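Each in structure tokens, the structures are laid out below.
You will see chain A twice below: alongside chain B first, and alongside chain C after that.
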Partner chain A sequence: MDREFFVSKHDAKAENAFALDDNIMVRGGLTTAGSKMLHNFISPLQATVVDRLLAAGMELAGKTKLDEFAVPGISEGTCDILSGAVGAVAEGVCKVALCNDVSGKVRRQAPQNGLYYIHPTYGSVSRFGLIPAVSSMDQIGIVCKNIDDGFDTLGMIAGHDENDITTFPEKSYAYAPKEGKFRIGIPSNVLEEADEKSKELIYDFAGKHDAEETELKYFEVFSQVMYILSSAEIGNNTSRYDGVKFGYRADKFTGLNNLYTKTRTEGFGPDMKLLSVVGAYVLSKDNYEACYLKSMKIRRLIREHANELFSRFDAIILPIKLKDPDPYKNLALYAFATLCGLPSVSVPLGRNEGIQLVAQAKNENSLFGICKGGR
Partner chain B sequence: MDMQTVSKYEAMVKLDLPESERIWIAEKVSMLEDSFSKLSKVDTEGVEPLISVVTHDYSLREDIPVKLVSRDEILSNSPEQFDGYFLVPKTIE
Partner chain C sequence: MDYEIVMGLEVHVELATKSKLFCSCSAEFGAEANENVCPACAGMPGMLPLLNKKAVELGIRAGLVTNCEITRTITFDKKNYFYPDLPTGYQITQLYAPICRNGHVEIETEAGKKRIRIKQIHIEEDAGKLVHDYLPGSSLVDFNRASVPLVEIVSQPDFRSAEEVVAYLEKLRSLLTFADVSDCRMQEGSMRCDVNISVRKAGSDKLGVRTEIKNLNSLKAIVRAIEYEAERHITALETGCEELVQETRRWDENKGETYSMRDKEDATDYRYFPNPEILPVHISDEWISEIRNSLPELAHEKYERLTQSLGLSDYDSRLITSSRNISDIFDRTMEYVNNPKEVANWIIGDLASITKEENKAYDEIVIDCEKFGKIIKMVESKVINRTIGKKVLQLVFRDDIDPESYVRDNKLGMISDSGYLENIVKEVLSENEKSVSEFKAGNQKVIGFFMGQIMRKTQGKADPASVNSILMRELNNLR
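For the complex of A and B:
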């Protein structure tokens, strides 16, 4: 049963084992990033997170399946395929699984399977050895059944890495649940788009703390900003896949240009092709200002709004899905943490349901405290 | 977006899509274009673009050469290599 979640599997004691999505490198092993383009790529490096977990005495359970390059997929059916990282932990094959959840799929699926997902502050965990997708948003997070296990694991992997210039200077972090009563903001404009069950869960959960309604500004353009910036960055990050230096190469071609084109056409899946085309569109002379530059400016407005919100609240509570199941519209729910580099925790509640909590950067301990019930 | 415009962007990113995929992408991009038009409603006058959320100063390591990966390891992932080089099709007749 568990093998359907894995690309490769090792013998390991579940209570001490971690799994990795197949876009995180283990030296000498295959790393496909879920793409035909890297079907035969042998990792010459090892991710810092792997070094740190092995040094802490954990064992590798295997590599789990993911959507191609973990990109925000909006093609039909993509969102319904269960993430390998979620499946592996839900099946009890390992204690935790590490993945890069740019799209938000894991933040939705983990609670729906009775699990937590910890998305740490951007810059607290090294991305060295992670196949890049959206560099300004890529962040390795943790799927776990038990929130203490999740934060224990985060304590093992977080901290400065000289191989990743975006990591904060702190060598390590002490994660412990903050105590007290928490101020939680409920963005009513977001809840208008959530189903009744999600609203009920949010009001019940937030009601145990000092809850107050608020507004999450710019929510109506979160999906657009997220998709535009993602497509531009993915387009750049995947220009390296050309059939020359590594990975897939088309069998038959006529000259160098045709080698590039045939290799990329055969090697990428539908969402990657869509994102590549959209990336070229938003970066083109005609659309750069209205799409790409505009999105970067709105990203700053969102970040400034986040600072204002977190001067009043310890956390903002969000649903994990909208009434409308359209994956593009649902990107908005995960964009707040991803675009701003903020920590979030997806929390399982009830049957196949859950909520998300987002906090100010480096404020994981508030999220930990809220998950533990406060005082 | 019409098919001709999709083809123009395809060529930029070195793709040559079969007709069925081009139709699907044209439909998706048209939907996205409609959606992107909402951005113009946000007032960004005088706002600087945010390129990265990193707020700390980048710390550079000591400038000491470190060999992370050997040439042989890098070349071993290449579909074709010769005499320590990546091999590509002939480009000059």
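For the complex of A and C:
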């Protein structure tokens, strides 16, 4: 395993240590978000999650590598690079690792490395001090080997933060596995596109509960909606990197426009450039309605559909990968939780395989319960 | 051919909040460059916007005093463009659900009263400021103003003359300063105005090609720019020498002309979209009525009070209520001298003329009202005469001296000892026999000359009333 994913901060004891993806700020330390654009950026502040973990007696093990700005990368090879957060926990250098899994990469890679990933409800964990990618979807989640450790950690970081007005008013949450039998929905239209092994795992896993086939509506456009909305927000959130104030600045430039284009051409990687261009396109006057607004409308329909589903089910079970390895198509698998701000847990099963479970907002305890076996 | 000018205004007004719109940095004007800056308003990643409630309150106030409907659920949007004074690369503003809609204000010009309709008022953040060539060949940026809250007041195209535009801006300034929404200082940039202008043949109901004029920093500039631009449109229409295009133009104060700001290539698409970092804000009926009930006395209400309860003249009351600052000085001085007519006289006669001499605007007057009150009282109780009083006021205005000790230390107390004054009068008359004979011949004008001489001999400290009666008595004795 490539050890480049991890930069050790000091000798923390692994059993009490956490790692952070390098888009989460530690005051006075370098925070690059995996981008040349921020190669020299020293954090002026500290993320709320870091304050809370340190206050709870955890130790910072170090920073982990991530795809540039944690964006949904679809360029060749990006998907196969190991997430630093997954690598660090798998290697045992820390108990848990925190990251912002907009793209779903960690949700796929964690189970493939025998780990869980907890993606909490949008608004339960403060994003103060997280370098933003897609503001309406950014959510700090937890990679862990042991699900109890994961929810322990979530209990430490979740709760209202006055520095993030998008957090819910609840001061804290009590995470404990719910008991009983769970109603699990198996979306057959999604399973049609999954590989045989995933299907088998899903039927096996769901079979231990009250499982029932259902349909995940709009699944066929999840990737489009996800990509359009995230490109718009990423393009906007990264327009502050212009070489004027901080971060990377091109060496030689002639005039202001050249400073911008040169800095951004040299500072951003291929996925970021693609997203910036798509983002500008979908928000432009001529395309706003057909692309951005339409995607927002579909997003609302998906939310309404989610509400309907969760009136019937405690959780929806999904594969972590499709038959078709195309990273763009695979975005759809993670879009359901990400677009709707729903909690999900990726569960390792068998050898380098796994499934994911998605529940209604603030219903992490059902997911916890299912992971613990229920009953 | 007669032409009609049609104009609409976009007025930006900085809100009088203590802190910025989305962070706790001071919003005060006049700090050292980049003194009031934190990671949030410098555009650094990781900070999230925290909406300033006071700014929303002031936005509501702006709407209430301009008869607007207040939107019950407001949202914020992002407007994207690159410019070095914009730290994040986007401005947070309100496109889809502005805080106020459909208002109006009454203006008054020589042609009479007129209603100007307001399309909307929205809250947005200001940008920073570029400083060019402070270091040779480069530009520096000052983010003190970045993220300071503004409201943009957008009117309907209801203006037909520069006079109406000026009347409207003065009316807005009066409404907003009296309601404590803003200090509306054009010279400090806390009130800025863009004019949308088009020209059409009189009687036509089709609008002509519209241009927008920016960079207007004073009422004078606004009037000149409107006159210039209207003339340019009319000439273009009459002679066809130039094709009018819809564009943004800047006013060049030195050349006295407008010029095109950017070519079509740069026509900006702002790529607006809803800001996901700021949740919709609900404005309750209770909050609105609370704000309505706590509105300070507005200019027209104060005018009523001055004319009706305090018995001041229409002229005096208009002048006092023409500026929030003057009006405050009046109220504060009244706390020390409960004589409205006298305070008004001092403000309109003496303070106004000193302000003019010092080349200042009414809004810029800074004076200790307790000291001002003391001067008025000293004159009222004949401790000093009025001429000395004005001199002392001048010194208070300029150097903030203490009037009582100054009068005492410089022995400026009024002389009303009639024996002493009688001697002076006699002395002056005997020194000016020629003028005395002129008086005898019926020339009344020399009385003023005698008064002047007597005042000079007493260093201006004589009680004018006593001097006058002694002088007249002596003169009549001589006749």
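The rule is simple: the second predicted complex is superposed on the first by the 369 of 375 C-alpha atoms of A that agree within 3 Å, B and C clash if a C-alpha of one lies under 4 Å from a C-alpha of the other, contacts with A are read in each partner's own complex, and residues count from 1 in each chain.
In the analysis below, a contact is a pair of C-beta atoms (placed from the backbone, for glycine too) under 8 Å apart; a residue touches a chain by one contact, two chains touch by 3 or more.
This one's a predicted model, so the numbers in the text were calculated from it and none came from an experiment.
A.B. asks: State whether A:Gln112 touches chain B only (first), chain C only (second), both chains, or neither.
C.D. replies: After superposing on A, A:Gln112 lies clear of both chain B and chain C.
A.B. asks: As a test of reading the superposition: which chain, chain B or chain C, is in touch with more residues of chain A?
C.D. replies: Partner with more touched residues of chain A: B.
A.B. asks: Touch check for A:Ile74: first (chain B), second (chain C), both, or neither?
C.D. replies: Once the two structures are laid over each other on A, A:Ile74 reaches chain B alone.
A.B. asks: Of the two partner chains, chain B (first) and chain C (second), which one does A:Pro132 touch, if any: first, second, both, or neither?
C.D. replies: The second partner, chain C, only.
A.B. asks: After the superposition on A, what does A:Arg240 contact: first (chain B), second (chain C), both or neither?
C.D. replies: Touch status of A:Arg240: second partner only.
A.B. asks: Check the residue A:Ser230 against both partner chains and state whether it touches chain B (first), chain C (second), both, or neither.
C.D. replies: The answer is neither, since A:Ser230 touches no partner chain.
A.B. asks: Counting only touches as set out at the top, which of chain B and chain C does A:Ile42 meet: first, second, both, neither?
C.D. replies: first
A.B. asks: Regarding the shared-chain residue A:Arg303, is it in contact with chain B (first), chain C (second), both, or neither?
C.D. replies: First partner only, chain B.
A.B. asks: Which partner chains sit in contact with A:Lys285 here, chain B, chain C, both or neither? Use first/second/both/neither.
C.D. replies: second
A.B. asks: Touching A:Leu274, do we find chain B (first), chain C (second), both, or neither?
C.D. replies: Touch partner of A:Leu274: chain B, not chain C.
A.B. asks: Could you tell me which stretches of chain A are touched by chain B in one complex and by chain C in the other?
C.D. replies: Residues 44-45, 136, 162, 165-166, 235, 239, 242, 244-246, 256, 260, 280, 284, 296, which sit in both footprints.
A.B. asks: Taking the touch rule as given, give the residues of chain B at its contact with chain A in the complex, in rising order.
C.D. replies: Of all residues in chain B, those touching chain A are 6, 9-10, 12-17, 21, 24-25, 28-29, 31-32, 35-36, 38-42, 44, 47-56, 58-61, 68-69, 73-74, 76-80, 86, 88-91.
A.B. asks: Any idea which chain C residues touch chain A in the complex?
C.D. replies: Of all residues in chain C, those touching chain A are 39, 42-51, 78, 80, 82, 84, 87-90, 141, 269, 271-274, 276-279.
A.B. asks: Which residues of chain A touch chain C in their complex?
C.D. replies: For chain A paired with chain C, touching residues are 25, 31, 33, 38, 43-45, 47, 127-132, 135-136, 162-166, 232-233, 235-237, 239-240, 242, 244-246, 256, 260, 280, 283-285, 288, 292, 296.
A.B. asks: Which bits of chain A are touching chain B when the two form their complex?
C.D. replies: So the residues of chain A in touch with chain B come to 40-42, 44-45, 74-75, 122-123, 136, 160, 162, 165-166, 168-169, 218, 220-221, 223-225, 227-228, 235, 239, 242-249, 253, 255-257, 259-262, 264-265, 268, 270, 273-274, 276-282, 284, 290-291, 293-301, 303, 328, 339-341, 361.
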